[in-house]
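Next come two complexes built around chain A: one with chain B, the other with chain C.
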Partner chain A sequence: MSHDAQVFVKSQTEFEYSKRKRKEAMRSQITSFAIMIFLTLIAFSAVAAGFSKYYIAPIILLLAAVQVVLQLYYFMHMNEKNHGIAAFFLYTGALFAFTFILTFLTIIWWG
Partner chain B sequence: MDFNTKYTPQTWPEHPEQVTLEGKNKFLGFWLFLGGETVLFASLFATYLALKNKGPSGMEYSTQTLFELPLVFVMTMLLLTSSLTSVYAMYHMKNHNFKGMQTWMAITVLLGLGFLCLEIYEFNHYVHIGFTYGQSAFSSAFFTLVGTHGIHVVIGLVWIILLILRNAKRGFSLYNAPKYYTASLYWHFIDVVWVFIFTVVYLMGVVG
Partner chain C sequence: MSSIAKKKGFGASVWDYLTTVDHKKIAILYLAAGGLFFVIGGIEAMLIRIQLAKPDNDFVSAGLFNEIITMHGTTMIFLAAMPILFGFMNAVMPLQIGARDVAFPFLNALGFWLFLFGGIFLNLSWFMGGAPDAGWTSYASLSLASPGHGIDFYALGLQISGAGTYIGGINFLVTIINMRAPGMTYMRMPLMTWTTFVASALILFAFPPLTIGLFFLILDRMFGANFFDHTMGGNTIIWEHLFWIFGHPEVYILILPAFGIFSEIFALFSRKRLFGYSSMVFATVLIGFLGFMVWAHHMFTVGLGPTANAIFAVATMAIAVPTGMKIFNWLLTIWGGSIKVTVPMLYALGFIPSFVAGGVTGVMQAAAPLDYQLHDSYFIVAHFHYVIVGGVVLAILAALHLYWPLMFNQMLSEKLGKWTFWFFFIGFHMTFFIQHFLGLMGMPRRVFTFRADQGWDLFNLISSIGAVFMAIGVIILVINIIITVAKNVPVGNDPWEDGRTLEWAIPQPVPFYNFKQTPLVRGLDTFWIEKQEGNKEGMTYAEPISDIHMPNNSFIPFVMTVGLFVAAFGALYNGEKTWAVPVLVLGLAITLLSMAVRSLKDDHGYHIHKEDLMNEKGGK
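And now, the complex of A and B:
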């Protein structure tokens, strides 16, 4: 019942087309991996270089945000179709996350 | 059509994880769970940021004296690479290459184990120099945040190892494809959390 599925046999052309599509997706995932490694290297070396924390903090937070977006959209396939509800769930969580951190930090700074 | 149907690369669906009702439900439920996990980690991050470097007066432990960047860098590289290897595993799943998927899942486990060993080494070192869980508000917040992530790594490893072993002789079916898919999503999410941990806890900790 809940495991029911219709079997479709792909034609050779369809088969090769979807194979090529998967290869393309794989290539963009490898590219995003390279970017993620690169961003990590920048973040670590910026800290190791010992610049002022007022420069570094916003930069490494931005790098982390970019890296997470790559991870979510390429590695976790959120760039594919049918991920609207997935995105809704995740962004609802992120909204709470933002509120928590804002609340706790303002308690410390202004409390 | 029962779930023991054997597929060939020609009949294997485009999204094997979302063909059956069971698969669709798993997919949806798992993303809801990840939304909840985001909230869990946000509360721990908020607590950590609020209690960072706070403790008894004259406390000698601070983010700047404790953290060693080279170790964190190696841990980051291990976890980031393990995220890519589980992407490879999912690529082989979509290509209906069972051996390929099992192999890359196993490599993911090995990299994850490497990460875990380094984390245990790190915690052990902290406890050794007196920075124990109950030492200060800072230490509790730190161990709770990073430790919760570590427990997620352990759960992820046990989960993936069980999947690999349980399905070793089964081959692909629409029954186990969603299981592998959600496990790989979980593993990526662990890496997402780690990106914030190495940035917010370690890098910003060293900067001060």
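And now, the complex of A and C:
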């Protein structure tokens, strides 16, 4: 927009507030990163342990779903405000992709 | 001193257009390049109709005919209709929402150059060993078997121009979401903006499947992969699915902006608020959504099985409901209006019966059992020309007359415009109406000739004569444009006198920063409200005059595109010429380097100072 250039100086309180916010954000990033590595470890060790594949496949898919949520909400900041439209487009895209995969499975490969 | 130096001279103008990031100039570029491809595609259409004018004709050979029909379809869809619509979106949409430019002006320029070079690359195939010849759908088994480089040109050219379209679509989405003027809520956006929004969302979701399909095709043909080769474990049907997952939304990407243009025209020339505005918005979004759920109706005869066919048949028929809502809303907008039959309004009035005819045959084909009868016959050709020419091309011609004064501050001749309309409209129905019956009589599409005395001779001749009428209409249009540009009579703002939306409120010629002050939007049909209240300026302002931040022009988009253009030649001759891989690497290096320059070198743009805006010249 077309406003005169303004110099904005943060007050001490604002500075401390934003510092605290950034600290929290960093903590949640590292926590979710650790969780993701842990989940990946579980997936790999489940395969390495040689369990039945009917047990491993659903577990890995479940872990993958959790990972996607962590990625989107903690790494790509969808848990913050004003991401409504991005989320709407993302879920619409996911719905379309789901439909396409479902039809591919049912009418090309299984049918 | 003014911060904006105005250059003159031919070389300076060319350089200005090569580097421009201004949405109004990019709109002109889109219009000019799209118009050129429209003429090329039209010439190809004329060749087709000459060949089919009489039985056992040998005007062109069978192989050349296949190349002509393929290039006609591909050119008209990807290089003519879509770019011209992009031109109007670029010209009008930012003005309608009260924005100074699109969200990413640099990307806007990049999108245009990618489209243009993709189109040039595709058309170079004519001079470099033969054009693609597997139809615009390029079904995989046929396209893999096609000798020569035609299909390679198709895949690489569309990949480049598709990237441009994708960039353009994302740009429009971000612009509409983020850059609306204060008070311009979603439910106050003009229909042209709404349809741009939904069409851009369709581009966002529809182009990735095409990109994947084209990459598979490129890898199969040029790099030894086997995605579509069933003897090597591939599956040829996957191309058809990927193509139509893209291809069906693609026709809505074309028709929705056409609906937007006609919605503007009906309200403007009936001098009435658009009837059922909110249901129009709802129908637009619903058509966009359903457009993704119906692609397999192009593949009923592939053998998907009765369940799949039934599901896709019902989903397809459902689209008739929101489309019908739109038709009735337009009729009720005209009803009781104070109608002015100008050239754009003529096109709009002609559009309703033409498009309804195309829609009705569409519902006929949605019935899967009947489609087995109609598939690959001239009935299909008639149907999609009724929706694309009767819908999209009529909208493009209407918008050309409607928005010409907005884009160039000149008025196209109404008299010649009416001649164009009548020639084109009569020619269109003459060409394509009769093709329904040719289809029902058993004439298959894509045949290069036919035997005499099957009852097809007369109808094909009539169809070809109709095509001549359309060509005459277009020639009159070109004459009209030349005369108008030569006369160059400025018309000022609101040339149609009943402008309702914000773009008509801006002084002419539109300043390069669009709005000296960002307007305040107080309802649907912003300009109309201000006029009703006697506001001579046509706008209420949301802010005082202050410095305006503008982006710098840039030559980088052009260089980036040239890189991809060079790389495409490398990919094309991979495994055939020794220089292929180095050229591929060189081209990609040019693109990546220019991307690096763009990323590493900060470009903060410049400011137009308040003092320059305040003086008489308005910053010029």
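Before moving on, here are some points about what is shown:
The criterion applied here is as follows: the second predicted complex is superposed on the first by the 101 of 111 C-alpha atoms of A that agree within 3 Å, B and C clash if a C-alpha of one lies under 4 Å from a C-alpha of the other, contacts with A are read in each partner's own complex, and residues count from 1 in each chain.
Quick note on the criterion: a contact is a pair of C-beta atoms (placed from the backbone, for glycine too) under 8 Å apart; a residue touches a chain by one contact, two chains touch by 3 or more.
These numbers come from a predicted model, not from an experiment.
Within the superposed three-chain model, A:Thr92 lies in touch with chain B and with chain C [touch as defined at top]. In the superposed model, A:Val7 lies in contact with chain B only, and not with chain C. Chain A has more of its residues touched by B than by the other of chain B and chain C. When the shared chain is aligned, chain B comes close enough to touch A:Leu63, but chain C does not. In the superposition on chain A, A:Phe38 makes contact with neither chain B nor chain C. Using the contact criterion defined above for the overlaid structures, shared-chain residue A:Ser18 touches chain B, although it does not reach chain C. Look at A:Lys53: by the touch rule set out above, it reaches chain B but stays clear of chain C. Legend: residue contacts after superposition of the two complexes on their common chain; A:Phe75 is shown touching chain B, with no touch to chain C.
Within the superposed three-chain model, A:Phe104 lies in touch with chain B and with chain C [touch as defined at top]. Chain A residues in contact with chain B (one complex) as well as with chain C (other complex) are 1-5, 85, 89, 92-93, 96, 100, 103-104, 107-108.
Residues of chain A that touch chain C in their complex: 1-5, 85, 89, 92-93, 96, 99-100, 103-104, 106-108, 111. Across the complex, chain B meets chain A through its residues 1-3, 5, 7, 9-11, 13-14, 18-22, 25, 27-28, 31-32, 34-39, 41-43, 45-47, 49-50, 69, 73, 76-77, 80, 83-84, 87, 91, 94-95, 174-175, 185, 188-189, 191-192, 195-196, 198-200, 203-204, 206-208. Contact residues on chain A toward chain B in their complex (touch as defined above): 1-10, 15, 18-19, 22, 25-26, 29-30, 33, 36-37, 40, 43-44, 47-48, 53, 56-57, 60-61, 63-64, 67-68, 71-72, 75-76, 82, 85-86, 89-90, 92-94, 96-98, 100-101, 103-105, 107-108.
Of all residues in chain C, those touching chain A in their complex are 100, 173, 177, 201, 204-205, 209, 235, 237-238, 241, 245, 289, 292-293, 296, 304-305, 308, 517-518, 543, 546-549, 610.
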